[in-house]
Amino acid sequence: MIESLVYRSGSVESYDDLGEAKAAQGTTWVHATEVTADERSHIAETFDLHPLAIEDVNSNVRAKTEEFPEFVFALLKTARLTRGDTTFEEEIVDDPVGVFFGSDWVVSMSPGTASMVGRVKNAVQAGDERLLERGPDFTAYRIVDVIVDSYFDLLDTLEDQIESIEEDVIESTEIDVLDEINSVRRELLSFRKLLWPAREALGVLARGDLKLVQESSEKYFRDVYDHVVQLVDLTETYRDLVSGARDIYLNSLSQSTNEVMKVLTVVATIFIPLTFIAGIYGMNFETMPELGWRYGYFAVWMVMLAIGIGMIWFFRQREYI
Amino acid sequence: MIESLVYRSGSVESYDDLGEAKAAQGTTWVHATEVTADERSHIAETFDLHPLAIEDVNSNVRAKTEEFPEFVFALLKTARLTRGDTTFEEEIVDDPVGVFFGSDWVVSMSPGTASMVGRVKNAVQAGDERLLERGPDFTAYRIVDVIVDSYFDLLDTLEDQIESIEEDVIESTEIDVLDEINSVRRELLSFRKLLWPAREALGVLARGDLKLVQESSEKYFRDVYDHVVQLVDLTETYRDLVSGARDIYLNSLSQSTNEVMKVLTVVATIFIPLTFIAGIYGMNFETMPELGWRYGYFAVWMVMLAIGIGMIWFFRQREYI
Amino acid sequence: MIESLVYRSGSVESYDDLGEAKAAQGTTWVHATEVTADERSHIAETFDLHPLAIEDVNSNVRAKTEEFPEFVFALLKTARLTRGDTTFEEEIVDDPVGVFFGSDWVVSMSPGTASMVGRVKNAVQAGDERLLERGPDFTAYRIVDVIVDSYFDLLDTLEDQIESIEEDVIESTEIDVLDEINSVRRELLSFRKLLWPAREALGVLARGDLKLVQESSEKYFRDVYDHVVQLVDLTETYRDLVSGARDIYLNSLSQSTNEVMKVLTVVATIFIPLTFIAGIYGMNFETMPELGWRYGYFAVWMVMLAIGIGMIWFFRQREYI
Amino acid sequence: MIESLVYRSGSVESYDDLGEAKAAQGTTWVHATEVTADERSHIAETFDLHPLAIEDVNSNVRAKTEEFPEFVFALLKTARLTRGDTTFEEEIVDDPVGVFFGSDWVVSMSPGTASMVGRVKNAVQAGDERLLERGPDFTAYRIVDVIVDSYFDLLDTLEDQIESIEEDVIESTEIDVLDEINSVRRELLSFRKLLWPAREALGVLARGDLKLVQESSEKYFRDVYDHVVQLVDLTETYRDLVSGARDIYLNSLSQSTNEVMKVLTVVATIFIPLTFIAGIYGMNFETMPELGWRYGYFAVWMVMLAIGIGMIWFFRQREYI
Amino acid sequence: MIESLVYRSGSVESYDDLGEAKAAQGTTWVHATEVTADERSHIAETFDLHPLAIEDVNSNVRAKTEEFPEFVFALLKTARLTRGDTTFEEEIVDDPVGVFFGSDWVVSMSPGTASMVGRVKNAVQAGDERLLERGPDFTAYRIVDVIVDSYFDLLDTLEDQIESIEEDVIESTEIDVLDEINSVRRELLSFRKLLWPAREALGVLARGDLKLVQESSEKYFRDVYDHVVQLVDLTETYRDLVSGARDIYLNSLSQSTNEVMKVLTVVATIFIPLTFIAGIYGMNFETMPELGWRYGYFAVWMVMLAIGIGMIWFFRQREYI
């Protein structure tokens, strides 16, 4: 779906024809979502976009910023969590969003819905003066800004999952917890791989080398850049939380095995020698003087009690019980 | 085997003699596969290629791009999975492909079959205008492009193997799974070592320093470069999947040992004390008053039941059963 | 709360009105703590500070130094340990402190209390000549210096915790120790992530590129920079101490399991065969010649003793006991 | 031992006196092996070599290339495997070889035998025209080339050891295998530490900054550089093989413990309850009605069989047997 | 304690007054050990040293080289092993040594004894011509050289400890060995952290940017730099030895647990079924036909022997015994 807006200070108009929109005075913004091959070619022809850049919007390459003679091309990725069809239940799905901007036009284009960009469109239609008067690079900034803002939401979801894991590892040694841990670890890894190129791409926009980015807009791109750096930091922190939770989980298992062994050892070590003694006096030898002693049975009980108490004292000393 | 094509916009001709092919007007492409020592010298003489570059095509060095005064030399590797003769069953085998291009000629040369390059040759013979008219650097781009495309196929095979492993680790603690994991881990490592130099080599071609690469071709080399970067990313992701699968495998083993110990501990801890009690009343002392009690046998059963139920309650509390 | 001081060699005055303070001759220092949105805008207007810089002081971005045409903006973080509301008990909480300085003014601003900056304010009010005469960049240096000094106090607390852990791991295999270890490990990680950007930010101040930093002040910023580098070193050392303590803890657990198994093995291995022998002569076969032997019972005891002593000798050899 | 050769296209002469050899027309090559302190000073005086460079040839510093006003000094290391006198049996021993070359002379010098350099000497004496006519930098190239070639032989030996380890880890859990693994791991680490500086040293020779290296020779030094890079790659690959073998070894041990526990658990869990039942009917209570039942003994056998079969079914379900 | 020497070719004089010493013709070397606050200020005034540099000599910052307009300031650390007061017994203690050198003077200063610098002082007093005639930068070189030489002694001590550990890990699984391993690991880490800044500091002295370092002295600083690089290499090697020893230690423990379990499993698995059989014929049922058989007792023995031998054969097959 293609939408075209042309705006300048105090005025916003909607156009159906791309050529007219481009020719109209003011900033022309063409926003294409769930874009088809035909729509892509149509826009590319109108704004003279390079076929390789158009192709990148439709494929699975990393975020980047490239300078062309007549325009700047920034490719970013939207990210959302989804129940996938692989062995693991949840994963991060990303959609590319291409943002092209020239001297008086912006083109944004995605094979997905890029729903958060709608917020910028609404602001333009609502007549937000900063958008109307500051030109195409500021509109481009707002688009990448809403995309990066949506990353924070995704990371909040992951943070909740990590908190739930941190509670689980203390209570349970079920292997499900390890699955959850691995799932979050993978999502954080995917997210990190998405953030690093985005960081680079925004660095190029913020650095001030691009002649199509006004000096007053650079500070704004720098601000989004700082947010991405902060996201990278958060991701690293969460990776460490997950890694710590995994350590606790694995340790709980070792501790559990240790506890189980202690129970067995205490019980078996106390009763096996006692059973042996009982076995002795269960033998059927004709000549076993103790069997005839008056207090023989009582004495055996005493010996057994002494051994049992000695064993318990020994295990208490070793802190087995 | 040596094939020579000379082409320009609208015309493609095949030549038998290398000298004639080189002299003919248009782009001359000499493609040599399963190349012998004689063929190598013959081509080297005709196109005045440096002996060290020729030697590199026949040996086991890393991918690279080198600029010579009269030509550019790019060395890439084809990669395929093969059942090897080492201890481990499968491994990545690579073959070097040397691509030399000058002002109006391209030479491609491999000790292997470099079968995917055939697709570019077919496109030339089918009269693909972009190839015919854009000169030797574009032909070189198409050659490295088909080689890099073939990497994606190889990575798809590895992805299938990883998915199969991820299913296996949940079901089984057999040591075969660890062998599979190690095999894929090694293949990913080999592949990564193949990709890094390729990335560098393509970076040189894309950077725009080489005077034999036209400005319009740079974007195309940049596109292949982006694909290699994406392959590096995928390889890292797969490495993490394998690493996660290995963690789950090792944990399953610890969990299994823990379970086995719990079974032993529960059964032994319940029955060893009971057997001791039975042993007591199996003793043959002359004076054992309990033996004569009317409900002695019944009382012993009750005591045993009480101990057994107490033990089961204790183990339920500790979540052993 | 906003406080305004204007000072020059030999004179310190307090102002209520920001505009007057700015216009007055001498160095103007405006220090705003627990700053509200209104106060932020008021200061920003008076000193013409960029909205994005003002916003950074109120949000959660990394430490940094940015040069604006009329002023330098340094953002640092205060850090303190606090009992948090997450699963883990203690964590590092940081508050941003923004320091802006122009040709004859300094603005310091924090959403928190930034209590240590009070020490610099006191020094100014007490008439410390070095502060009064050396201008705004030296005042800025003193502010970042007290912030970095407070990091050393925090690290001392962590060092105490690590020493307590090092004693605990030797005595105990309780899982609480692992929790403590993980808690300190996380705090060190948080602290490290706070230090790295601070290091960069101070590097910019010390490097001598900023025209608002006098040559004589650079050495002072370089000195704070050295302290941050030293803090990074200490943090790494503490990370290694914690990592070593964790190794010892995990090893103690393995060792404990090993010991427990040895106890069980020694007792069970000695008494199980003896109980078997007793069982043999407890059988009720009509024809069991040994039962009638005169010294049968004595002989069985001798055999049992021999086996027991042999076993003990075997275990001593293997160093099980 | 000092040998002096003077050669130019078509002529090779041997000299006894170093001064004469230096003065003679053509390339002078002085090759000193197992060099004594006196020989070192004699050569240093004749060719005016710097005392610190001379000292480096006799000590244990890293490979390097240094440019002096009148000559280039390259220090490389020969490497061989040897049975050492430390706790571990085998280790890599290296000997420094210093190569100095000026405008018309080369000096090679080693406290060891540097036996592979003999091959270059033989080629000169056999009248290899490329060596005779291309000057001192080409001779220096041939010397470093034979040294680097000998690294491949060493790595072949390590590869054989790794293959033997890979077979051992599958068959055995003896601790000897871990010793072998550690030994190879250490050798690979030593070798890697030897390669990295060599890579740097050759990079300097290949880079084309040195005015004593002719442009035509640079390609050759670049070729040796590529070989060293390839050796670094191989070393990394072998490190990963060893690391994988170690994982399999450690896992085999865990698996073995798991198997051992299963055997114990199955046998003990089946027979301990049965022994308890036998113990019950071995008690000597006067009133035990079951003992008088006609089919009591048969019934007990039936119960025991039922329990045994139930247990086996339970263990089959859990895949313990 | 302050000592002042003034020397030139053929002459060495001792001075009491710093001002006179500075004014006297020749190289003035002021060497201050266990320096007090007063002594520091006195020297700083005489030679016009910057207060921040003086402060660094008395505090705990990293080694560094800084260029001031009138002098160069190099800060190094002496290192020695000492029995500390922390939980761990031994640690590396370092003392800063500041070396300042101007056009005709050197100042060396330490809060410690810096005893190895005495060797340079003795060489001056003994009239070592190289020191007397080559000026202040060469004296500074000799000071840093003896400090770096002393690092090799410290590393020799650590090497001895590692060799002792390598012997211990093979013989013992006592937790003391892990303590020793951790102690050496920590010392190596401390030492490495000391070496890295020293490497940087020496790099600055060797690089040839400092106008107070003569060209002829650069080669000497480069030589010390090479020694530090070599120390870094050795430290890494020792870290790997320690890491390998730790692996062997941990593995020995797993192996020990495995062995212990095998002993228990073999004995228990053989005798538990046999004890069950004995228990069967110890039951008191009135009707147990086997008890009356003539060779019943003999048959039971045969069955038991068959089971025992079968078990042993089974365990031999599995290589448990």
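To keep things simple, chains are lettered A, B, C, D and E as they appear, and every chain counts its residues starting from 1.
One rule holds for everything that comes next: a contact is a pair of C-beta atoms (placed from the backbone, for glycine too) under 8 Å apart; a residue touches a chain by one contact, two chains touch by 3 or more.
Going by UniProt, the chains are A, B, C, D, E = Magnesium transport protein CorA.
Model, not experiment: these values are computed from the prediction.
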item	value
Partner chains shared by chain A and chain E (touch criterion as defined above)	C
Self-contact between copies chain A and chain C, residue sets same or different by half	different
Euclidean distance of C-alpha centroids - chain A vs chain B, Å	25
Separation of chain A from chain D, taking each centre as the mean of its C-alpha atoms, in whole Å	40
Chain A residues counted as touching two or more neighbouring chains	254, 257, 261, 264, 268, 272, 275, 279, 282-284, 288
Graph class of chain-chain contacts, one of line, ring, star, complete, other	ring
Cyclic ordering of chains (reference chain A, direction chain C)	A, C, E, D, B
Chain A residues within the chain C interface of the complex	163, 166-167, 170, 219-220, 222-223, 226-227, 229-230, 233, 236-237, 240-241, 244, 247-248, 251-252, 254-255, 257-258, 261-262, 264-265, 268-269, 272-273, 275-276, 279-280, 282-288, 318, 320
Touching residues (chain side chain D, partner chain E) in the complex	50, 52, 55-56, 60-62, 64, 86-88, 173, 175, 178-179, 182, 185-186, 189-190, 193, 246, 250, 253-254, 256-257, 259-261, 263-264, 267-268, 271-272, 274-275, 278-279, 281-284, 288, 290-292, 294, 296-297, 300
